[in-house]
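Below are structures written as structure tokens.
After this come two complexes, each holding subunit A, first together with subunit B and then together with subunit C.
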Partner chain A sequence: MLQFVASGIAIGCVYGMIGMALAITFYVTRIINFAQGQLMMVTVMVTAEVTGLGYSAWLGVVAGLACSCIIGVLSYLIAVRPILAFNRFGFGWLVSTLGFAVMVENGAAWLWGPTSIPFPTILNNTSVHFGEAAVLTGQQILAIATALIAAVVFEVVRKRTLFGKIGMATAADPEMASAFGVNTTTVAIVAFAASALLAGLAGVMIGPSTFANPYLGDTFGTYGFIAMMIGGGTERPVAALYGGILLGLSAEGANALINSRASDWFPFLVLALILVVSPRGLFSSQSPLMRRRVAAAAR
Partner chain B sequence: MSTAATHALDIAGLNAGYGRFDVIRDIALRVGKGEAVGLLGPNGAGKTTVLRSVMGLIRQRRGTIRVAGTDVVAMAPFRIARGLAAMAPEGRRLFLDQTVEDNLLLGGLHLRRDAARQERLLASVYELFPVLKGYRRRLSAALSGGEQQMVAIGRMLMSDPEIMLLDEPSVALSPVAVDIVVRALIELRKRGASILLVEQRIDVATRVCDRLYIMTHGEVVEEMTPDTARGAGMSLINKYLG
Partner chain C sequence: MVAMNPARTGPAAEPASHRRALAGLVVVIAYLVLTWFVAQASLSVQSVILVAAVFAVLAISLDLVAGMLGLYSLGQGGFFGIGAYMTTILSSRYGWDVFLLLPAVLAVTGLAGAIVGAMSLRVSGLYFAITTFIVTLVLTVLETNLEITGGLQGLLGPAFPDLPEALAPLGAPVAWCIMLALLFCIGLVWNIRRSALYPVLLSIRDAEPFAEAAGARTALIKVGVFSLSAAMAGGAGWLFSFLGVVSPGQFDWSVSLNVLVMVLVGGINTTLGPIVGAMFVSMFPVLVNINPWLQEILYGALSIAAIALLPEGVIGLGRRLFLGRRGIAAPVAHGDAPPPEAVAAGDPSIEQVDAAKAPAAPRASGEVVLECRGIECGYGLGPKVLKGVDLAVRRGEIHGLIGPNGSGKSTLANVIAGRLGPSAGTVTVRGQRVNGLPPSSRARMGLRRTFQAAELVRELTTTQNVTVGLYDRVPGIVRRAALWPMLPSGRRDGAMMRGRARDALGAVGAAGWTGERVGDVPHGIEQLTQLAAVCIAGPDILILDEPATGLSAREVAHLARILADLRRQGVTMVIIEHQTRFLFPLCDQVTVLNLGEVILTGTADEVRANPTVRQVYLGE
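Presenting the complex of A and B:
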């Protein structure tokens, strides 16, 4: 019982990080970067490659994260900015970010081949016992800690720093932000870099158990998207983390309590149910759950 | 110094619009340093389009727009915002999920490394609108319409601009709130501010301004003094503003 809760939270934090990554770029530019999963994959592949060459895992991780950030910024400059400059309210970004995802994925498959290559174990061989009830690997604990730290850092930056306030202003009204001196392109570039960093970190957390595969981005991109939608990350990026945890719990729960195939469909059922009850996600300011809190905070 | 540099705002031959059409044509208008100028006209005349052109928010614009001698017609808005022009836009458009004071500080981003000057500007805004000081930590969404308009004007002041652009600050306000806004604008003029005020209410414009332009159908059709406008009264309203 406790075991599936614990491992559900751990994998949920990975989905949640990807969800938050999607939500951060959505927050600032109002587009969903469908190459987010592929940005995660880039970190995984580069980390595996650098480590495979005989360097330390930490160097590999740093190189992997750096590559994701660079490609993340490129995805904005190539697939998003020109499209939005042409029509800020159109849906061209849907096609262009998907196209960018396909390019990155095929590029990786061409470079590394379609089969998995080894990924450094990091903390995957250590384990922590919670009494008799549950065991988590050090890697799973690391995933939970990283996600929580990322969420806290994001909120502190957003609410307490000038850059965060500039980001909020850009998110709320980009035209007014620029009329008061904000270079909205710079804000978007920083947002895309930060979101690629977060997706890359998710990749580092999951890599030891999935190994490095060029097609990793598909599955994890999809789960990240679901995490954002059920959490309501489109309005509050941190809510995507709650969504991710819920998703992880329902997948692991279905696995443990129904059967091993149930984790393929049960989470989608949960998604559908949640979106019927609360179309903007469970933890958004518009959800029945949160509305009263928001009203109280405004007073 | 050239003569152009003596004007806070000097617009000549300005055409601007959205998509295929220019909605304002061959606009010429001037605001001297320390002068308050009104721009009146009916709905859809193109008043907002003129202000947005000065701010750089309309990409499709041709002609010359000089702010304190600098031609801004090809500049990005975030550069124009650095001490040249600032606006209190139509509909106020505050950053509603942020506090009053954060809204004000976001108005003066280019001065963020000059804390002393920013402090002085903030103090002068609170002096102009004392109620705001008590609300500084409140979310701006939780303010009344009149208070929100004060924040919008304060935010405009925080960049210490050469020209202040106000777009119908009196709209949808109670008579008391309109009076507070008008008094504030008169006070700003006394402090030496250069103001371009878009209005539909002649009484507001005549109380604040030294000179008035009338705009209809995308063109400036007349220029007059407040006294002439007051004298013309209803006939002016019937002719242009009805």
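Presenting the complex of A and C:
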């Protein structure tokens, strides 16, 4: 019982980090970057490659994160900026970010081949016991800690710093923001780099158990997207982390309590149910759960 | 675009319509000849073309909702899958006849579309795309995990029945079936695009309040069109099941996105765009035969390039190159002409009215046709914008509504028209309580309104925008839309509506602008277009929200004459306006609002004399 809760939270934090990464770019540009999962994959592949060449795992991780940041910024410059410049309210970005994802994924498959290559174990071999009931690997604990730190840092930046407010202003009305002297391009580049970094970190957390595979981005990108949607990350990026944890719990819970293949479909049932009840996510201001709280706060 | 415009009324119309019918016939015959070649072609060529044709049907189904209603559905892959799986399972497992299955598939996917549409309409824009995306996601998961769908391997689709012996020389029957289905879908959407419903659909897309104020039940229309689009996608699934194996990967979310690529690359809201896009996307892997990874990379790069460099798609680019952009230089030619005089001169009844002395004896004896009692209204959690507002308007009178900015005038107009629900108080129209009725129902009762910031479709001409105003005056616009240009009654009503719209534009003094796109006209003409769109419907009660904004002095004088004339026809009006010099001479009664409360209701002279009004509004 406790075991699936613990491992559900751990994997949920990984989904939640990708969800938050999606939410950060959405927060600033009002687009969903369909290449987010692929940015995670880039970190995993480069880390595995550098470590495979005989360098230390930490150097590999740094190189991997740097690469995904660069590609994240490129995704903005190539697949987002020109499209938004033409029509900020159109849906062209759906096509172009997906096109970018296809390019990155197949580029990786071309470079490394379609099969998995080994990934450094990092903390995967240490295990921590929580009483009799649950065991987590050091890697899982690291994932939870990283996700929480990222969420806290992000909330502090968003609410307490000028940069966070500039981000909000850029999202609401780029033209108005630039009239106030905000360089909206810089804001967006920083947001895309930060989101690629977060996705890359998620990759480092999950890499030891999945190994490095060019098609990793598909699965994790989809799960990250679901995490954002059920949480309501389009309004508050932190809600994506809650959504991710809920997703992880429902997947692990389904495996433990229904049967070993139930995680293939049960989370989607949860997703559909949540969106019927609250189309903008469970932790959004319009959800039945939160509405009372918002009203109370206003009073 | 202009070349395709239906002919004007008059003696020239008949030969032109014959010519068009002939051209249509030639195109259809050419299409059938092409189909004959496809039906005779080798299996490999045939399958490439047929897959492209099925995707073209799918792309057309998306273009129907995305192009005309702005609903970017990512559920097309899901509905496509429902159609294919339903056909395969019911025909091979339960032995249903495939032709019997077609109506069943259309009904089931149409119903599924109506349910999904009704649920997703709670959200709009991006959230609509996401909700429908998730529908596809969940359906794919079901298809992968259910016993009956055969898991990841999928099922072998049914074989298409053979033609009778006598028709065998025609070639492969499945080719005929798919190509004719595509022709049917092209024809259906082509007809809708030329129907009187088209301007209404675009106004729901770009200016929903305008469509509602013209009496269109926009939510119902959206659900209906989305349901039609889902049924079309389901029909595409029915066609697709004859082409081989049916497996979950063929209907997942990437298919939905690829269909969007097809529509955007080809050109959204065009007849040929979705077909060109579908050909590009589905034939690309066949034509570019290189290393599969490189091929995918190239595909990704090309789709980014297409979106970035051709934002209006291939067809949009072609249109710009070959037809040029009309109407950029034209407004200059019209701008200097004085339309008011030109129109007024032809109409003695207008000329008699002197704007400055317009009001005859106030008709205080008329019954009250519009009444607000104790209206309270606020936005969200903020302070109340209206606090216990009472307003009574008698038949045939012009009732002015003035007050400083933020006093609640437009809010009151929205409460009367039904866009906002008051938190307390009642609105009655001709003695009937209308609280809770949507704007469209109030419009059907003869209550029409204009907007402070004009709500119009920028890519349509002023004439087309004005025809939206006739939506509830011409019966069967929705019912006949699918066949409109083919029906004599459709052509007749279409010509009648355009003619009346041009007359209405002429009557408000915008005769010189009837062929211009709203995106190209000055602000004042937008206001006049709005006015024409409400006048054309022969309204009983009119609510005008700052109608004189953006008009020149001469146009304002003409507007005053039009309004006085409308009053003589018995139209009751509530006019919100800041230009008291224009407003006061027209009004029988004036109500002054300040901070959400009525300060005073009285004649213009009483209002002018009132010290409080002078202080808060006239600034003395």
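Just so it is clear, the second predicted complex is superposed on the first by the 295 of 299 C-alpha atoms of A that agree within 3 Å, B and C clash if a C-alpha of one lies under 4 Å from a C-alpha of the other, contacts with A are read in each partner's own complex, and residues count from 1 in each chain.
Everything below uses one rule, namely that a contact is a pair of C-beta atoms (placed from the backbone, for glycine too) under 8 Å apart; a residue touches a chain by one contact, two chains touch by 3 or more.
Note that this is a predicted model, so its numbers are computed, not measured.
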* Considering only the touch criterion stated at the top, classify A:53 as touching first (subunit B), second (subunit C), both, or neither. => neither
* Asked: Between subunit B (first) and subunit C (second), which, if any, makes contact with A:107: first, second, both or neither?
  -> second
* To do: Look at the residues of subunit A and decide whether subunit B or subunit C touches more of them.
  => C
* Asked: Once the shared chain is lined up, is A:92 touching subunit B (first), subunit C (second), both, or neither of them?
  -> second
* Looking at the overlay, what does A:175 touch: subunit B (first), subunit C (second), both, or neither? -> first
* Contacts of A:184 with subunit B and subunit C, given as first, second, both or neither -> first
* Overlap of subunit C and subunit B interfaces on subunit A (superposed complexes) -> 298
* Structure fact -> Per the touch rule, the subunit C residues reaching subunit A in their complex are 66, 72, 119-120, 122-123, 125-127, 129-131, 134-135, 137-138, 141-142, 144-145, 253-254, 257, 260-261, 264-265, 291, 293-294, 296-297, 299-304, 306-308, 311, 381
* Asked: Any idea which subunit A residues touch subunit C in the complex?
  -> 30, 32, 34, 78-79, 82-83, 86-87, 89-96, 98-103, 105-107, 109-110, 222, 226, 229, 234, 261, 264-265, 268-269, 271-272, 275-276, 279-280, 295, 298
* To do: Please give the residue numbers of subunit A that touch subunit B in the complex, ascending.
  => 162, 165-166, 168-169, 172-173, 175-184, 298-299
* **Residue ranges of subunit B touching subunit A (in the complex, touch as defined)** => 55-57, 76-78, 81-82, 86-87, 89, 93, 95-98, 102, 105-110, 112, 139, 141-142, 155, 159
